[in-house]
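Here is the structure we will look at.
In this document, chain identifiers A, B, C and D correspond to the written order of the chains, with residue numbering beginning at 1 in each.
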Amino acid sequence: MSHIDLSVNLCSIPLANPTILASGILGTTKAFLKRVAENGAGAVTIKSISTEPREGHKNPTVITFEAGMLNAVGYSNPGVDAAAREFSNLQDVNAPVIASVIGTQKGDFVRVVEGLSDSQFSAIEIPLSCPHTPGFGLLAGQGTPEATFAITSEVRKVTRLPIFVKLSPNIPEICTIAKAAEDAGANAITAVNSMGPGMIINIEAQRPVLSFKVGGVTGDALRPIAVRCVYDLYKAVKIPIVGVGGISTGRHAIEMMMAGASAVGIGTGVYYRGIDVFKKICGEMTQWMEENGLDNMNKIVGVAHD
Amino acid sequence: MIEQPTMVKICDIVEESPGVKTFFFKYNLLFDPGQFVMVWIPLLDEKPFTISYMQKDIMGISVLKRGAFTHALHGKKAGDLIGIRGPYGKGFQLHTNSNACVVGGGIGIASLATVVDKLRDVIVIQGARTVSEIIYQKRFQGMKLCTEDGTAGFKGTTVDLLKELLKTHNLSKVYTCGPEKMLYKVFELCKNHGIDCEVSLDRYMKCGFGICGQCDCSGQRVCVDGPVFTTMELNTLEDFGKTTILKTGERVTLGNR
Amino acid sequence: MSHIDLSVNLCSIPLANPTILASGILGTTKAFLKRVAENGAGAVTIKSISTEPREGHKNPTVITFEAGMLNAVGYSNPGVDAAAREFSNLQDVNAPVIASVIGTQKGDFVRVVEGLSDSQFSAIEIPLSCPHTPGFGLLAGQGTPEATFAITSEVRKVTRLPIFVKLSPNIPEICTIAKAAEDAGANAITAVNSMGPGMIINIEAQRPVLSFKVGGVTGDALRPIAVRCVYDLYKAVKIPIVGVGGISTGRHAIEMMMAGASAVGIGTGVYYRGIDVFKKICGEMTQWMEENGLDNMNKIVGVAHD
Amino acid sequence: MIEQPTMVKICDIVEESPGVKTFFFKYNLLFDPGQFVMVWIPLLDEKPFTISYMQKDIMGISVLKRGAFTHALHGKKAGDLIGIRGPYGKGFQLHTNSNACVVGGGIGIASLATVVDKLRDVIVIQGARTVSEIIYQKRFQGMKLCTEDGTAGFKGTTVDLLKELLKTHNLSKVYTCGPEKMLYKVFELCKNHGIDCEVSLDRYMKCGFGICGQCDCSGQRVCVDGPVFTTMELNTLEDFGKTTILKTGERVTLGNR
């Protein structure tokens, strides 16, 4: 196995392998980040942080269905001050840590980035694409090219860390928005956030199951949509792409990278296959590459394009 | 395992004490003692409760009235529907041939009730603040009681009572559930006596299946990796007995109860 | 079972039950329509017809994945003249037949509707929402409120049959478009068409599987999105809604109707459960209604709303 | 069953005749004689071919060069990859204890080849326009041949030859595949003689799994309900021998071949 090299260099951040824990999955505490890194993730992302603490939506907030998962957690988070305490001394985590930063106003993003600047984060991710939290993302108009440009530019001014802008799969003009992010100085695109929103109704209760009624769809259902987004983005922007959506096997990861992703985010996969999904995916990738005579990730990224 | 909330009809309600009611419903769910279900009241909320009764195809949960959700549950009548999904988590490991003791503080006894049902030959300690809070008195005859105010049984805490017990009994296993400060003391006491201990922890829960990251205890997901942890595991959990995580995700020092 | 009544009245078309064969599934020949009706469908829709014959995209055109199906058939159809021959004497089909009409220009819709006017169709469906055929639907800008209004108005002038406007789940403003259709005289909304598009890459071939590269996602993956669309539309328009997307069981059908659908379309369900999926769904609905003490569809439509 | 095209490596290619090549690949697929796979050439197209060889874990398809796709297939070399999914459809029902005859017209013999392999004791008729089109001569020794131009075997059609055969043989079952006009004649002939007949039909195919509606024959999906139909079924198929459906979905009268 030794001659297969899974490492990637993402905006000058060296990752031992291309699997990244997606934001909002387990990334609530430093202890979880450590555990996920021990289970093989090449990098880990914290759950999104806002200026003030947020309780999020009431339960049920996450529910599974035949084809994936539906969630409306509502960006619960302890706020930037408590987060700065929780995520200190990040060198203890055995993989680069990406901060996820949210806000309702441009200034919020700046305040959170500044509040986290003493922590040893390796990059800042800004999701402008949540489909189910009032005041944030799509519900606050952050998913337009203009807003994306404006927010990214502000964040650019206050950090020298790589900025990843996270986009929604819902928007037909995903490439236009990605270009706006690139123009504003983003260093990578994270594609994609959850899609929809969707709704699941419990027919005996005659009511939507999620307390927020609707939630973002993730997992298997999202994968073909995410792969298409990454395929389109690969042609549209020059900066690298982190492909996220429905990845839970080595084959899925390779598919996403062939579409054009330089690394892959994994969320719902933790549910499908356990916390060691990262190790499993890397093992499967290594085996497939051996069988198919490929020895490093450059032979894979973007090769599905003519 | 039920993935999505399934509506079940409450077929019976038993008032165990002024503050605690047991809700029974017909459902045949395979579960291990110590596992829990998420209980849904549509348009309100969904919260975790351990299965406290299992008789053929009738299950029960025993609920202490605390805040909005448990108040609403206490308002339910027989015939009403509630949603359940689960069972979730890792339950207790039962060894029938050991001198076991079950130590329940407050409503914690509900999480231990099916352990007692299964092991049968086991010492049961139930602690409460006062006599009116004691439950399951008919169910578990010969239970050793303790109350803070001395209105029933031993006057003092479950830890004090367990200490007394250890003077005369040779225990090989302790199962416990209750306020975390108490759990920590039980755990320490057992460790000092070389007794294997299994502890059911309580953390704020959302998903219940190990995804949302809400229920952290030193990197363990209490909903999936727990809620029951063994002595060996507890030794590595720095947060145990010290900090917990609020609904916002903020880490706070554990209160005294 | 006899006291349970599954019949619905959809724009004055009486349906024995609310299940409708969705457009593009088996609706190529009159023989298939007959067979599907014999298998219990309350109504059937023909595969979309354009003015001229179309060969569609090359194969692979339809492919399944864990969470559903991906298709880019490319609107293959024999053109309106051949279709008028194929779909004559529709009284032989034991259920109302809905014509699906497509065009690249407003005038095309009119020509097709007129060309089919001698057949005994019960309604005209116009899908303005295909995500994967150049010249049609979303790729031709037909999914805007303006275009929807314009096309629907033209069709309204040349037919007295009920008009169903079929919408895409991709578009955040689905309610605005539905209102435009309603204002232009549509009698029902069909929601939804396939979503995405999505892409599946064969990693050994290093190429997208569909010859058109991308295709619309249907089946289980689509259901929560479709249910949410119908839930939103139910509040936005007064005309009835035909809910389509991922329905393959009686529970799914009831869920869709509780969200607000007056009837349900079934496509991918034919793959999941066979041609008799209609009978199966009706059986399951009947049994569920018995168990839950409901005896007709009025007790179900829209009840998930507060 | 393979849902999505799986790339397999061509391990051997045999030229059966100037126009027909058999492509072998390693793959262990359970299938019934008469079932087919969809063969994919990335960036080009994907078309149906019956499995014509099955030896342990080696499968083969025999392909007649006709248009763009089969030309491209004929250009493949050993070591090249092609995609396959399937097997699809309903194959032949084999009864080993019957006096069976297999009647193949043109490349239709490829669809019948594994029937012959399985039944062994069976009369095989292969018809072609001329001797150079005859295939499988070594594979099926004792095959009865017929050619339109008389360059090999009986001069005339497979139907003529079958008629001759019926004078001396008591057949209880006929399996046939080839041009539909021929199939219809074989079917009629068998009907008149009270012989059970199974016919493999050919329709333009897209999905292969019964969804797209392309392959209609009187309401039957040739890809799923067929391609093999029995006498009883054929009696109800009005389109059989009369009309077929083009790629556009247009219904046309069947040509003479």
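Please note the rule applied: a contact is a pair of C-beta atoms (placed from the backbone, for glycine too) under 8 Å apart; a residue touches a chain by one contact, two chains touch by 3 or more.
For clarity, every value in this text was computed on a predicted model and none was experimentally measured.
Visitor: Once you find the CA centre of subunit A and the CA centre of subunit B, what distance in Å lies between them?
Guide: Here the centre of subunit B sits 36 Å away from the centre of subunit A.
Visitor: Express in whole angstrom the distance between the two chain centres, defined as the mean CA positions of subunit B and subunit C.
Guide: 51
Visitor: What is the distance in Å between the mean C-alpha positions of subunit B and subunit D?
Guide: 67
Visitor: Using mean C-alpha positions as chain centres, tell me how far subunit A is from subunit C in Å, no decimals.
Guide: About 34 Å separates the centre of subunit A from that of subunit C.
Visitor: Two-or-more-chain contact residues of subunit D, please, as numbers and ranges.
Guide: In subunit D, the residues touching two or more other chains are 43.
Visitor: Any chance you could list the residues of subunit A touching two or more other chains?
Guide: 65, 200, 204, 207
Visitor: Counting only chain pairs that touch, give me the topology of the graph as line, ring, star, complete or other.
Guide: Chain contacts: open path, no cycle.
Visitor: Output every touching chain pair, sorted by label.
Guide: A-B, A-C, C-D
Visitor: In the complex, go through subunit B and note every residue touching subunit A.
Guide: So the residues of subunit B in touch with subunit A come to 3-7, 38, 40, 42-47, 81, 83, 206-207, 209-214, 216, 218-219, 221, 239, 245-251.
Visitor: Could you please specify the touching residues of subunit A with respect to subunit B in the complex?
Guide: Those residues of subunit A that touch subunit B are 24-29, 31-32, 34-35, 47, 53-56, 58-65, 69, 71, 73, 76-79, 82, 85-86, 200, 202, 204-205, 207, 209, 211, 267-268, 270-271, 275.
Visitor: Mind listing the subunit C positions that touch subunit A in their complex?
Guide: It comes out as residues 65-68, 70, 138, 170-172, 195-201, 203-204, 206-208, 213-214, 217, 219-225, 227-228, 231, 246, 251, 254-255, 258-259, 288, 292, 303-304.
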